[in-house]
Every structure is written in structure tokens, then in C-alpha cells.
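Take a look at the following structure, please.
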Amino acid sequence: MFKKLIKESTEKSPWLFHINAGSCNGCDIELVSVLTPRFDAERLGFKLVGSPRHADIVVVTGPVTKQSLPRVLRAISQVPEPRCIVTMGSCPQSGNVFKESWSVCGPLSKYVHVDVDVAGCAPRPQAVIDGLALATQILKEKRGQK
Amino acid sequence: MFNWLTVLETLGYILIFPGFLFCFLVGLFLSGVDRKIVAKMQKRVGPPLLQPFYDFFKLCGKETIVPAAANKGMFLAAPLVGLASLIVLQMFIPIFNFTAFSTMADVIVILYLLLIPALAMILGGAASGSPYAGVGLSREMVTVIACELPLVLVLLAVARTVGSAMGKGLVFSMSEIVNYQSANGSLITHVSMIPAAIAFLLIIPGETGSHPFDTAEAETEICEGLLAEYSGGPLAVFKLSHSVKVLTLSSLFVALFLGGLGGKIAALVGSFGLSAAAAGMIGGLLGAIVLVMLCLVITIVFISLVHAITARLKVEQVFKYYWTVVTGLALLSLVLAWYGF
Amino acid sequence: MITYNYIVAFFLIVLGFYTIVTKYNLVKTVIGLGIADYGVNLLIITVRFNPGGTAPIFTAGELTQASYFVDPIPQALTLTSIVIGACVTAMSLSLVVKLQEEYGTIDTREIRRLRG
Amino acid sequence: MSFLSYQHFPIYSVMALFLGAFLIVLFGKSKFLRNLIAFLATAIALGCMIMLIKPVMLNREIICYWMGNRAMAGGYAIGIAMEVDQVSLFFGLLISTAVFVACVYSLQYMEHDDNKPQYYTLFLMLAGGVMGLVLSGDLFNMFIMVEILTFAAVALTAFRNKAFGALEAAFKYLVVGCMGSTCILAGTIMLYAQAHTLNFAQLSSIISGDINPSTLVAFALLYIGFSTKAFIVPFHPLAADAHGAAPASISVLISGVLTKSGVYAILRLTYFLFQTMQLGSIQFMLVFVGSVSMFVCVTMALAQHDFKRLLAFHSISQIGYVLTAIGLGTGLGLSAGLYHAMNHTMFKGLLFLAAGAVHFRTGTTDLRKLGGLGKKMPWTCALFLVGAASISGIPPFNGFASKWMIYQATYQKAVESGNIGFLLATIVALITSVLTLASFVKVTQSVFFGQIRPEHEDVKEVPAGMIIGMSLFAAICVVTGLFPRLVTDFLTGPAANAALNPANYISSMLAGAPVYKTYEVFAGAGVWSPVNWLLLLMIALLGVTIVAVLSKYDQVSESKEGELVDSKFALFFGGEKTEYSQVGGEDLFWGFKQNWRHYFSFMHELHSGVVNDYALWAVVALALAIVFLQIAL
């Protein structure tokens, strides 16, 4: 019963940790707008937390730059299992307009396993919520495997 | 002298009614209500009422990482000590006429027991070795100092008021304070106690570290401060302690200032004409329900409302606020009580 | 006559304290301690001194109610006190020497590493 | 009387310590003999005191011992007397315990130092001086003991004369201490001029009924003189200097023992010699000085960055509690004050020994240069936490039991006398307690938690002898905290009773037949028994732990021993690589200090470190005491 409770709860309380890997701030603002009264992601239990140790879902924005790469990887490694990595915006997926710049190491999927990609520049809040909801499903599956 | 029934009763107290289960359910329920109400005030739908339960169970299922720099024993033990001491504290606070162990508690003991959960959190955070926890620790301690002075004054004023009313000089015993109220009406009806009650209500958000005073766990500035390195089970226990603390402080307020309702409940139950045992049972149950109701009101007005309408203060502002405004109220009350109003 | 002794004794104590408070030289501070000490010694021997009394040395049977002598106890106390005063001076002067070696000065205003 | 009759035990315990000091001078070259003599001397002193519990504490006897059997002649006490009543024995017990533990600890702690024979000689001289002071029944004898202990303490303060500020601290202490001694001698002799005797009991019987301006000046002189020994305000900077510079085992004696001798003497002075404790003005004086000491020293401690200096200020703050409680003049207050005096000796001893342990391994006590030692020195850390919890009054340790009694005593006194000043004392005491907690949180964070400094990576736990010394203190802290009834019934209760019945003391000395009258010590207040609470907490903790273990709370992921730290187990640094960054030091509570910045900067200016200023404070205090007593009585 306890296991089932945990499994059910995993789906219902995903906490987000947001990493900015050299983003232009567009996606960052969109992510915050997801939590505003208009879209209110908190009704699904989403909560933005300040420490990777508390997080379930890591949201990465920005084309992973040379400067930020080791820091992003370190922060991601500090998130306890089960965890889910969501890239937000086109930058961490393809590099977007910064592709093949000398300072950009992206895409992120070269370095870690990315669970969900939310495309767009910047993605609309609805898309973000959809992606996060998908991430919670993946999280629940990972929970189940354990 | 060894009586199994007594042991069973004690265990029941600890595990079920004023103890663990009650604290767990009501505490998390209160914080669920708090989150919901804050959302409503901000015109949001808000999380489901059971969200804190989900959070708790989810955290229980997560991996617990002990950082290499941490002092493992202290790191893991601190949350448990904090929770256990809160539960014991809850058992000392009389719920109207129902007293589990309150005969041996008095207000100064309670004042000190209230420090232990905060101290457990401070030591746990310190043991994690994180500099964010160091900053959080400093802020938490300053908040504790800030709340301590008005709390002391309020408790002294209560002791004096009840003492002079009972002709004893001063009364520190919790059960005597509650018994006096259930016989003679709530303390809040005394003129001198009104500022004290307001001061106590203003202390609640500070002591529990809820919104405008949550400098110690500011997630945006210092990465959750004391809890920065906690994950999984220990974090769940800390979150639970937070919620239970709201319940503890609210029920302490009810016991100190609204104990007169106990007399009303006893009279109401008496009018049913039940046997003594059944009356006791029903009275206890009714008392618990009334207590939860009152705690809800206190939570909504003094935690959720304050949360929704204020922005986080700086830690020196927290200190200044408590040592001027709230202390002023408490001091006023003490002076009034001293001269017998 | 004996009144002068009291006045001088208290004057010496006050003078000693005044020296300690106002002089910034460590050696002078030590001198101040000495002066205060001598003041107390003078006070002690003045107390219970009977003008014209004999020395309190008696053989068995000699002591009667009519014997007029000086109280011996304060004198014994003075001896102890003088010894202690000498010790104070010796010890404080040795500390002054050490302080001079360590700090290179004997001005009290300079010797204040421990403060606040 | 046989030589083993308990009448002789007081003198044995004093002689054991002085003889030990003498023998170490002779045979101190050999390490074995030196340690053996020091250990035996302190053990004999402790043993004698423990053996006296039964006759004195339980059977309520008062031991009068005439040196050389020169008893009273013609109604005058000519011989030198030792008089051991319950108060003396209570302090004697504290002192001998602290001395014994400090001696056990020194055996290994002083390993790195030279001149060990001199150290032990002075150590035993100091111990013997304090012991003689509390057991003496003669005012001049007290003065001699005061001088002995002042010299020993000054010499020991400067013992590590290469340490930072040691010489300076010793000199300051010597100057102000000798001013105090001069005051004591002047006061003694003024009393002698009035009463023609130096025997305590006889002085008391003559003086207490006939208080004139001259005796009041003597009172003021004695009070100020003994204040310098107790280091209460305005003499607190000397304590801070002396404790900070002395070796830790000596700091234990200075804070736990020497200050107690001052408190003891003030208690003797007010309760026995002048019997003025029922006067409101004397109560006001002691409570006022006590409360000011409490508050000023705790705030000074918050601003310190040296471990031992911080502890020294706390030590005076706790003496403030003791003085406040004693100054109430009630049975409960006395009992609480004596209880707290005892607790203070124990927990402050423990804390100083822990500071010594840190110094022993790292060579520094600067809070800004320490951190993260909890992992390297787990025993020291755990024992330090016990001491810190005790001093901050966290239940169930002993500090809570006595502080709780002090709050009740002060508040009760306020209600009974209708004087709002005592209420202020209660509030100051409660606030001081939480500030004490704050500053120990600071020490805990700065020394034992947080990140370890790179240069302390190879620090080891201290040797077993030092752990044993600390454990003894910690055990006493826990036991006296858990069973406060034991202490109040057998130790502080009889002592408080004796202090409230000075007639017994006088008559047993002068007539040999005391008349016992028992005062109600606990009027309206009780002693909280933490055992039930602790049991409940244990059950709750067990319950929580079982639930936690069942839900796999203890299945943690952690880095393997000796392996390079994986980034997963590194501290979260906002994604950066973990670097050394320790949050600690004197400014940990800036939120508090920011609001009090004017006060703190004023205090910093005031404690200028110039010995002339401290001497001036002493003179001003003396003048104030004389004027106050002349006006008030």
C-alpha cells in the first residue's frame, strides 16, 4: 500500500528545478508564466524549488554553452533519483540560432539522457504544461521500475 | 504497578490521538488548506487539498543523498528528533478538557520545547555542511531570537493574569490555566489579554517560518537555506514538522486564550445526559473537532492571508518588527496584567 | 594624634588607586599598587594601636585585667600583608619585563591586543 | 578524636592540595611521580568532600575545626577556625570535582608544554587556595587564600607566555585583582576595628545587629573585592582576557572554581556576616548587578570571534544568573542559584575542555579559522553539544532545570514584593537564555559543522584521557539534569537552608549547639522532572524512527570511503565546483547585530583593553557601592 501511495503521489507532486544554460531569458520568463494565475501549473502540484536536491524534474533552457556545460551536468547529477530532464525551447535541443557557435556545446542530449523536449522559441505555456505533464508520466514509470 | 491498560492508553495517546496520527493528518491538512486558500486569494485554482500528502509520500519515495561533507548521523537524526519533540509538545498542550499528559507541563517548559524543533533544523542544516545552510541557520536563529522576546512576555502575562485571578500570585501550569478558563470563561475576555492574544497570533507565522518571515528557507535567494542539501525521507520529515508546527502553535493559542470554550463544550455534552465515560469520549471528540476548526481559522487568517498579501522581509526587518511592534503589544499586555486589568 | 594615621592611610590608598587609574606607564601602575598596599598596612597597624601601651609579650601569670598593651593581631596581619605586597611587586615587575620584551613598550595604551 | 574522624576531613582536603603542590616542587622532575602526586592530591580532596556529604548534608551537622586545637578563650575566638556548614560543603564539592576532572584532563592536555612541574604546582596552589577560601571560618584567612589563588591564577594565565595576549591578560588581571585584594584587606581590617575579632561567626554576631556607616564602608570594600574574584560587571573584561589566554584546564578552574569563590564570598557576606538579605536595597543591588552581568556579557559574547573568549563572557553571564537568584533572598531563589552555580561549573568546565581539545589538535581557537571538525573529532563534538545544550537551557540537560527555577523564583519574588524590577530580571534572564543559545549555535556552526579547512584535513580525535575528562563533566550534566530532585534535596536544599539560618552557623561556632529551623524552600513552585518527558520523547522518537526505517529512511546513497567525491555527493554550489566557503565567525547573526549596531559599537569602544580604564571602572564601582550602601541602609 505504501509503495502504491508513493507511486500515485509521484505523479501528483513533481517539483521543478530550473537551470539556465545560457538562455536569452525568453524561456525563463515563459516558465514562470506557467505558474501565474492564468495558467496555474500549481493545480497539478508543480512547484518551483531552489535546490536540485528537492527536485523531480529538471528544466534546462538555453543552448548549453561552454561555460555552463560542467555546471549543468553537476547540478543534474545532484538531483536524486527518480528524476526527469526536460529541455525547454529549441536551444538545448538543436542550438537554435546559436548552433555551431564556438562557445556552444549543445545539444544537451549529447551529454545526458533527455526525457522530454518542449520545442518552440519560446514555447507557449500550454506547450510547457503539456511537456511537464508528459514528464510526470515518465517519472511515474521510472518510479514503477524501481 | 505495571498495568497493560495504562501502557496501551499511553501508546494510544502517542500514536493516535494527540500524537503522531493526529498531528500527521491535521498538520498536513492545515497546510493543504493554506496552499489552497493562498491560491484562491491570488485567483488561481490552486493545488488539490491533499497536495501536502502527495508531496510527503513522493519525498518518501525519493532517493536520499547524503553529501560527502555532511555529518551523516546528525544529518539523518535531526529531522526525526525535531518531529518527535513536536509530537511530544503537542501531547502536552491540553485540548480543552482533554489532557493527555499536560499535568506536568507548564508554559516555560513549553517555551523551551518550542526551541527544540528549530534547533533540530539548525543542527541538521549545519551538519549538511552547505554554506547555504550556514546562511539559513543564521537567519533561522535570528528569527527565533526575534520571536522569543514577545513570546516570553505573552506567556508571563498569561501566567500573571491567571495567577492574580486565582489569587495565587502566578500560575505557570498549563492544565491550571486551561481549567481556570473552562470554569471562568476564556482569557481573551480579559482586557489585558487582548494585546497578548494579538501578539501571539502575530508570532505564529514567525515561529513556523511561513511567508513574510520565511527568510531562513528563502528558495530564491539561498536555495532553500537550511534544507538545501536535504532530499527524500529527511526532507519529507522536515516538511511534515513545518506543518505540525502550525498545528502546535495554533492549539497552544487556543489553549491559552480560548480555553473557555472547554466549559461550553462540557456543558453541551452534559445536556445530552450521557454516562460519564461516554460524555468524556464525546467531549474529547467534540473538543478535537472544535480545535481543528479554530486551527483552520487561525491558519487562514494569520498564515494564508498574511502570506498572500506580503512580500518576504529581510531578516533584520523581521527582527525589528518583532522587537518593536509585537513586543510592544505583548509588553502592553504584561503591564495591564501587572496592574490587574 | 592617631587620627592623622587614619587620614594618611586612606590618603595613601586613594593616591595608589589614583596612580593606577591615571598613569599610563606600567611601572608607575606597579608603584600605585604598592602605595595602596602601604596605605592598607598603615591602616592595619593603626587599628587597635593603644598609645602608651606595652608590647604584648607576657609570661605565664603576668597577664592581668589591668595590663595595657597593643593588640598583637593587627601587627601579625601587617607582616603577612607586607609579604604579600612584596610578592605582588615582584610578580608584576617580572610581568612588566616580559611585556616589554613582547610588545616593545610599557605604555598601557599600546598594550591592548585583547579588547572588545 | 581519631585521625580518620570526619572532623578532620576539611583540613585534609586543603592540606592534600597544598602538600601536593609542595611535593611536586621537590619530585616534579619525574613525569610518573608528578602525575601521581597531582592525581592523588585532587582525588583525596574530592574524596574528603564526598565523605562529608553524609554528616553535613544529611545529618545537618556544622563542623567547627580549630587549628592546633586553640578553641575559644574567654568568649573570643583567637585561634584560626575552619567552619564547614552546608554552603561551604556545597561549594567545596563543586570545586573539588572541577579540580579533579581538570587534573585528569591536564595529564594529557599539557603534553606539548614545558615547565610541567611549575604548572602542577600552581594548579594545586590555585585549587588549594579556593578550597581553603570556602572552608575557612576566618575573614583574614579568607584574604590570604584570596591572595594565594590570585597569584596562582595570574601565573597560570601567563603560563603560555608566548600565546597571544597571555602576558597582557595576566598583567591586567594582576592589577585589578590586587586592587580587589587591597579592598578586601581594608574591609577586613575595618571590621576588625569594630568587632576586635576575625572569626566569621563572632564577627557576624557582633556586627549584624549594629550596622553603622563604618561597617557599611567595610561591606562595600569587601563586596567590591570579592566581585573582582567573581568577575561580575564591571570586572568582566578581565575574565575574558584571562580565560582566553590561559590553558583550557586552567580556564576550567578560573571559570568554574575561581568565580564560584567570589560568589561564595558574596553569599557569606550578605547572608551570614551582615545578615542583610532581607533588606530590599541589598536584594536590589545583587539582582541589578546580576541582571546587568547576564545581559552585557551575553551580548559581548555574541560579538566575539575567539572560542575561549566567548566562553569566558558566557561564564560571567551565567554568574549573573547565580547572583540574581541568590540576591532574591528567598529559599527558592537560593536553591536555584546554588543549583545553577553547580551546573555552571559542570557545563562550563565541559565547554572549556572541548575548546582545549580543539586547540590541542588544531592549535587555534579562532572561530574564523576553524570549521567542519565534527567529522574528525566526533566525541569532542558530541560532548560539546551536550555542554552547549546545557548552557542554553535545552531540556533535559541540567541548565534547564536550574534556569527554570530561577525564572520561577524571580517572577514569584516580583509578584510577592509587587516590585516590577524583579519582573524585568525574569525577562532579562529568559532573553539571555535564547541569546546564549544563539551564540552556541554560532560556535557549533563555526567549529564543528560547515566545511573543513584544508589545513585541518588530517586532524585526529584527542587522546582518551581528555575524552574521559570531558565525559565526566558531561555525565554530571546529564544526571543532574535528569534528576533535579536529587540535587535540590541533598545538595542545594540543605545549603539554602543553611544560608537562610545564619543563627545556626553562629551558634554552632560560639556555643556548639545549633538550633535547627527549616525553611520552606519550595513555596508554590516545584522542580520539573524531565524523566517523564524524556521517556515520552524517547517513545515518540522510537516510533518515528521505526516508521522511518520501515519506509527505508536509512537507505541513503553516499560516497564510498576514500573515493574521490563524485559530483553527486558534492555540496550544491549553484552548479559550481565545491570550494572552501565556511559561513561562520563572529558576524554569523548579522540580522541581530544590524539592529543593535549602536549598542555593539558602543560596547566595543567601552572595552578598550587599556588597563587604566578597567581600574577606573573598579574605582567607580567601589565609589558607587559605598554611596549606595550609605544611602540605602
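Here the chain labels run A, B, C and D in written order, and each chain numbers its own residues starting at 1.
The rule is simple: a residue touches a chain if its C-beta (ideal position, glycine included) is under 8 Å from a C-beta of that chain, and two chains touch if they have at least 3 such contacts.
Quantities reported herein were computed from a predicted structural model and do not represent experimental measurements.
Engineer: Trace the shortest sequence of touching chains from subunit A to subunit C and report its length in steps.
Structural biologist: Step count on the best path from subunit A to subunit C: 2.
Engineer: Report which interface contains more C-beta contacts, comparing A-D against A-B.
Structural biologist: Spelling it out, more C-beta pairs touch across A-B than across the other pair.
Engineer: Tell me, please, which chain's centre (mean of its C-alpha atoms) is farthest from the centre of subunit D?
Structural biologist: Farthest from subunit D by mean C-alpha position: A.
Engineer: Name the most central chain, where centre means the mean of Cα atoms.
Structural biologist: Smallest offset from the overall C-alpha mean is found for D.
Engineer: With chain centres taken as the means of their Cα atoms, state the distance from subunit A to subunit D in Å.
Structural biologist: Going by mean C-alpha positions, subunit A sits 58 Å from subunit D.
Engineer: Report the inter-centroid distance (CA atoms only) between subunit B and subunit C in whole Å.
Structural biologist: Chain centres of subunit B and subunit C, defined by C-alpha means, are spaced 63 Å apart.
Engineer: Between subunit A and subunit B, what is the separation of their C-alpha centroids in Å?
Structural biologist: 36
Engineer: What is the distance in Å between the mean C-alpha positions of subunit C and subunit D?
Structural biologist: 30
Engineer: Counting only residues that touch at least two other chains, what does the list for subunit A look like?
Structural biologist: Residues 51, 53, 78, 80.
Engineer: Which positions in subunit B touch two or more other chains at once?
Structural biologist: If we look for residues of subunit B contacting two or more partner chains, we find 60, 63-65, 132, 223, 228-229, 232.
Engineer: Pull out every residue in subunit D that's touching 2 or more other chains.
Structural biologist: 551, 557, 568, 570, 572, 574
Engineer: Can you name every pair of chains that touch?
Structural biologist: According to the stated criterion, the contacting chain pairs are A-B, A-D, B-D, C-D.
Engineer: Touching subunit D in the complex: which residues of subunit C?
Structural biologist: 13, 16-17, 20-24, 26, 29, 33, 36-37, 40, 43-44, 47-48, 71, 73-74, 77, 80-81, 84, 87-88, 91-92, 95-96, 98-99, 102-103, 108-109, 111-116
Engineer: What does subunit D use to touch subunit A in their complex?
Structural biologist: Its residues touching subunit A are 551, 557, 566-568, 570, 572, 574-577.
Engineer: Tell me, which parts of subunit B touch subunit A in their complex?
Structural biologist: Going by the criterion above, the answer is residues 35, 39, 42-48, 51, 53-58, 60-65, 132, 218-220, 222-224, 227-232, 235.
Engineer: What residues on subunit A touch subunit D, complex-wise?
Structural biologist: Those residues of subunit A that touch subunit D are 2, 19, 51-53, 68, 70-75, 77-78, 80.
Engineer: Provide the residue numbers of subunit D that touch subunit C in the complex, in ascending order.
Structural biologist: Against subunit C, subunit D makes touches at 140, 144, 147, 151, 154-155, 158, 161, 164-165, 167-172, 174-175, 178-179, 181-182, 185-186, 189-190, 192-193, 196, 198, 240-241, 244-245, 303, 309, 603-604, 607-612, 615-616, 619.
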